[in-house]
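Two complexes come next, and they have one chain in common, chain A, joined by chain B in the first and chain C in the second.
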Partner chain A sequence: MSRQANESGILSARGVSKSFGGVAALHDVSFDVLPGEIHALVGENGAGKSTLVKIIAGALSPDAGEVLFKGDPFKPSDPGAAAEAGIGIVFQELPLIPDLTVAENVFFDRQPLTRVRTVARRRLRAECVEAFERFSLTGIDPEAQVRDLSVASRQLVAILKALAADPSLLVLDEATAALGPSEVTWLLEQVRAAAEAGVAVIYISHRLAEIADICQRLTVLRNGESVGSWRNGELESEELVRAILGRRLGQLYPGIPPTVKPKVMLETKGLRAGRRLRNLDLQVKEGEILGIAGLEGQGQLELILSLYGMLTSHGSIFVDGVEHRINSPRDALRAGIGLALVPEDRKTEGLLPTLTIRENLALPVLHRVSHLGYISSQKEAELVGPTIHRLNIGRQDPSQLAGDLSGGNQQKVVVGKFLISGARVLLLYDLTRGVDVGAKAEMFLTLNELAAEGYSMLFYSSDVTELVNVAHRIVVMFDGLVCADLLNDGSLDEEMIVAHMLNAADRTGVVGSLVR
Partner chain B sequence: MKLAVPRRHRSIALAYLLLLVLVVVGRIVASGFLGVDHIDELIDEGALIGFVALGQGFVILAGGVDLSIPWVVTSAGILVTTFTGTNSSNMLWDVPLIIGLAAVVGLINGIGVVFLGVTPIIMTLGMSTVVEGALLLYTNGSAGGNVPHPAVFLATHKIGQVPVMGLAWLVLIVVVTFTLSCTPFGRRLYAVGLNRRVALFSGVDVKLVTCSVYVISSCAAAFAGIALAGYVGQSYLGMGDPYLFTSIAAVAIGGASILGGTGNYIGTVAGALTLSVLNALLPTLGFQPAVLDIVYGMVILVAVAAASLGGRARTD
Partner chain C sequence: MDVRPGIAWALAIVLFVVYALQQHDVLSRLQLTDLCSATVFLVALGLGEGLVLLTRGIDLSIGGVLSMGTAIAATHFVSPGTELLWSSVIIVAGAGVGVLNGALIGILKLQPFIVTLATWSIVSGVALLILPIQGGSIPPHFASWINQSSLGLPNAAWIILAMVAGWSWFKRTRLCRRIYALGSDPEGAAIAGVNTRSTLIAVYGMAGVCAAVGSILYAMLTASGDPTVGNGEILPAVTAVVIGGTSLYGGSGGFVGTVGGAFALTLIADVVFAFNLTSYWQQLADGVVLIIAVLAGGAVRSMRLRRAALRAP
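And then the complex of A and B:
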């Protein structure tokens, strides 16, 4: 028994299989994590990572195989039992209780009690403040209600909750998906510190740069099977992408094509909106992908929303040299601006899942496919067909329900909607959040093709690596202004952009509100 | 043979199955059920429910609910007897006037919901009370007058073997079904009901669409009120009362989600006919009218529960 524990580490899965209705989500998967090791689990959406996590958490039980925890067969009956055994899990979907305070959430199942078994509020608060200090997390009030926090802050609280329970195994399932760069840096520091203290970590992320940065070993899953385990650095990044995707696509980033033309397609002058967008001057040229970087909440969302008429704005907006007043999405569409947006709660807002692909695509252009007041299905098919074909959406069957598509394909429908609408400027807000590597690679190829056809794009992403590899030019936003405008001519890298983002914060002395 | 009903129409097929079962049960247990005269009655009463459920269906499709229907029905019924009386030629002016008044009520509902942000239940309930009060003031508490001939013709006459009201309903069924499934307005309405934000992002004028369903609902209720006055041969305060529950029940039985975004009028037609058959069948089985209320209530609850359970199964 103890011999096995020494060999196989703190947690090992042995030949674990799990099927749902005859479809194998996991097939004969084995892997193990050593104490003090950060072990990354990578793979596309649907590769089986989350199923594996759920089995470890006790939310699912395997059909075959077993999980050993500290050398003993481990079958937690529910997530509570797993937590008691010393497994801390940060799930992809945030399982915090919105109506409770931060402190109550962090100590949810182990709140300090008074002698009459009521919650000892003062002690709870003190313990929470202590936990914040111990993990050097600042900028969040322990007394704040979770529902009032931003998604990123909520994610930080969920991570803190897992860390504060002093687990012997920490599982982070896409914990960075909602985080900005400085918060990711914080998380990676904490994870490293925990590992040095002997905690075993299973780290799941779509961001390969993070994985290269932090893990000692990685295991790749594909279609529910384990492709293999490697030490970090053993695989070149292309080899890793190939291991994740199979032979489908060779690389994640297709390279930045020279498609920028001199004509200015979108220009803002003195754009102001809400409290966060103060005075923004911006130019996007024809065929240009302009990346928008910045710490969370520096006016990026306000910029996108005001360009799309969802937020009342002041200042001037020019599209193709003509000034437009944009007070509603209808105005924006008329001016030739389309928006593909992935909102913060990860459910796509560009799509009606119970309608077909065709109905979704035609929604912004119904006036163009109708004749004498009714919708001509022939015109509709003529308009929609080429887009489905060209974006290579799903099985390319327009009568397929949009909700049955994979996340990446759903995003393509959202983009396709605005291509059909005749928009020449596309606003892409966190388009790739939570989308797997394969779908990302396809999405970037599509963006390149669109740029080559002269579409202009405003590309906001919380993933700096993505910006560096996709955008022609990157503007860094801080406090509602552009604080740096960087041409991505090959000399830029992630660190330089993050440095700009943080420098601006340092200069203006608002560091207190940020995670350091 | 494989049953080829598309997923989104399955609940509507279910509504027709329910209707069929009720009809068969009625034929077995009650003699004279579905005789020639009886069928006319079932169609006429089904049509009245169908008219109110038409408007309610539009509102529910957009994600709201219209509780002002009963008093709009009553008002229209009373106005048509008191304004117009037996002087049929007045009807040419009075009917558009009554429906126009109803449209104003609907417009106020719509404005309240869209621009003032009042929830549909409160807004339409408040409007219902306002209409009720105005009507009491106007009638001094007692309705009277005679039903004009065209309304009687619509509600009780036949062309050959076919009741006129049934024909009118058929025309409406065709128009509404076409509007919902083949026009930009219909498509936008579904989009608004499914997810207002997606609709807004897609350039749909959500406010206009939402407003218009309340106008449609009030107009349909007013039309139903006029037909009802013709059908019962008089008008009285509270004549529209049964139509609140039936309008919602018909839509729910017809397979529409009570939360909006799904269902169509073909399903609601089955719902209206089902209610009309239940109406006729339960008394012949010796049940009291009170039992009918219990059955109505249960039907709505079961339909809503089924819809939410179905919805949950879909997202899992």
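And then the complex of A and C:
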């Protein structure tokens, strides 16, 4: 363990503290990165990682302590000044400008100019194409408007923007949260290449596997304080999780109990929707967690949305043996299907922030607690009470505003809503995106309990490790079809699933629709 | 507990005290009746506009409905008995305009501002066709009711109380819950099974009805019709709602604050009058009070969040 700041660090934080309204977000944190080093910053949500990044970026100034950049005290007045000094940052909330093109974003405020000081559009385009080639990124049109890109593509553009500025320090704050496996591979390659060229990298991610893969050192933050810094491999993963949480976590993944029963709860035949979902046959059994894997945009979202009636679909959907026409979320709820969706921009989680926990939970089933349109608060309380208790939501106060809850608790509200609605089939779309390990572990336990009670789940996650550790069976989707149906009997691992995802792409010759 | 309605009421009470210090007869029955009858139509408009703001929308057409309503009243309230008939016509017309707004916004997904800007213009045109210039008359026996009292309270105050009672009932209905859900997050509400189309149609329909009721009250107050009166009342209605703590971002607020906001606005005019200032001061003061109300609401909220954060483990 090497706690003292290294003199030769390209960036050193010394005793940095920052409070918001009396709450310490960072307390006496010291930390340093060497040239050519990839240094991971890990911790739960709210541990202070993003605050530290914002201080480095000049978006916040520390209350105490100082930051040294290349040996000199560094106080950028704003993110523009930090960028000029050679710090490239990929923020968690993608700060691209949606109405500008990709090229204009990548070279924002350093566009090539003509003689009369207007933006030289042709040179801008050429330079952007050059940047794409240099960092081997394909599949995105430099002239496309950022508004029209998928979240993953936007993330890639933000990363490219940071790389293209040739920074001497690169900061990646949850840069992989929105990326699929092949894009993550691309990012890790670029980060390694940059580090080999002498760039110092601060790498923030909830995905511990990535960190083990790429970093030389890691620093753990907890409740705004630095727990310590270690070399990669110095800690067992269990010790690392304990350092992050400050307590023993039984296990991140609770195992996969055999809860699958023979009865088919959800079946689709020839399901088609939009251009991406072409002809899908799928069966989910009672008590089964079915994992959905695939490269980005292979119809996974369309599948979930059409099962929930948010997208017009053709083909047949059977719930518990009965065929249902599902044209709206109301139809889906009536058929016993619930959806916990984390939309791509993660602004909401199907959660109504200005309503209380009680109001959120009761919303889909107001008809059960009301008479002639008038709601009985007593019945409402009786209905939601057990669920709040059972899922252990927040302080278990039904009148708390949902918007004031932590991310993990908000997701519990979303799941709880559909348990109350009587849904027997839960559609879980990227439920764990950006959720810290503590909350994740709790959520997986809940999923296991639900499976044991006979709930069926469609579990989509962009994190393959999670699929392997949570799902009873995994289907890999490609081009709107199921291209592999794999029983997770202990013989599966991440690489095999990724191989299936890429193989399908190889076979059809559309490799690297996004990334080579 | 939301404190923002309290701020609106606190402002109204402060203004009332200032007014009372300057104008000593303010507590007389006549003055209180004037205050209530000058406020009641704004309260009615605010009730509807508040519902619309809760869904993240805006309704400009209430101005047109107000003008049209007074125009119909001034030309068709001719003999006893016709008032009730034509009052129902005004209300049905208001509901029709609102449902049209709601259908264009909810089903065709057009922007509320544009849709209601258009229907405001259309309905204002209809008002001018019915009554080209200010005039007409309301039978005195009907008009004077608004300035009379029953059971010791001005009739206008009874109407406001009735609206508050109606609101406290409505607040507990499924429809109201859907309205808050929709404004809080349209996508999230749809996921929870809320029919956003029918909810929006209901909301704009109710706003139209409220504006129509407001127009009848306004016609009673002035005992005549004015085919352009509504144009000047749209923004005061929005102002009353916002002073009352309803968020333009939707999903939070309520009618109790709106009533306080409406009284605050009327009292500003009264205070300006009591100090013998020109009415230009009224507009200036309206703006200042609006900013104070919004700032105070924000300050109280962030103070509470900070305290909650300190309490959290």
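By definition in this document, the second predicted complex is superposed on the first by the 503 of 516 C-alpha atoms of A that agree within 3 Å, B and C clash if a C-alpha of one lies under 4 Å from a C-alpha of the other, contacts with A are read in each partner's own complex, and residues count from 1 in each chain.
Heads up, the rule we're going with is that a residue touches a chain if its C-beta (ideal position, glycine included) is under 8 Å from a C-beta of that chain, and two chains touch if they have at least 3 such contacts.
On a predicted model such as this, the values are computed, not experimentally measured, just so you know.
Superposition of the two complexes onto chain A shows a clash between chain B and chain C. Of the two partner chains, neither chain B nor chain C is touched by A:L188.
Once chain A of one complex is fitted onto chain A of the other, the partner contacts of A:S370 extend to both chain B and chain C. Judged by the touch definition given at the top, the superposed model places A:V482 against neither chain B nor chain C. In the superposed three-chain model, the partner touching more residues of chain A is C, compared with the other of chain B and chain C. Within the superposed three-chain model, A:L339 lies in touch with chain B and with chain C [touch as defined at top].
After overlaying the two complexes on the shared chain, residue contacts for A:A120 are found with neither chain B nor chain C. With both structures placed on the common chain, the touch criterion links A:P329 to chain B and to chain C.
Of the two partner chains placed by superposition, chain B and chain C are both touched by A:G350. Residues 308, 310, 328-330, 333, 339, 341, 349-352, 354-355, 359, 362-364, 366-367, 370, 373-375, 417, 421 of chain A are contacted both by chain B in one complex and by chain C in the other. Those residues of chain C whose C-beta lies close enough to touch chain A in the complex are 169, 172-175, 177-178, 180-181, 183-185, 187-195, 247, 250-252, 302, 305-306, 308-310. Looking at the complex, you find that chain A touches chain C at residues 21-23, 308, 310, 328-330, 333, 339, 341, 343, 348-355, 359-360, 362-364, 366-367, 370, 373-375, 377, 404, 417, 421. Chain B contributes residues 7-8, 178, 182-184, 187-188, 190-191, 194-195, 197-205, 261-262, 314 to its touches with chain A in the complex. Chain A meets chain B in the complex at residues 308, 310, 328-330, 332-333, 339, 341, 349-352, 354-355, 359, 362-364, 366-367, 370, 373-375, 401, 417, 421.
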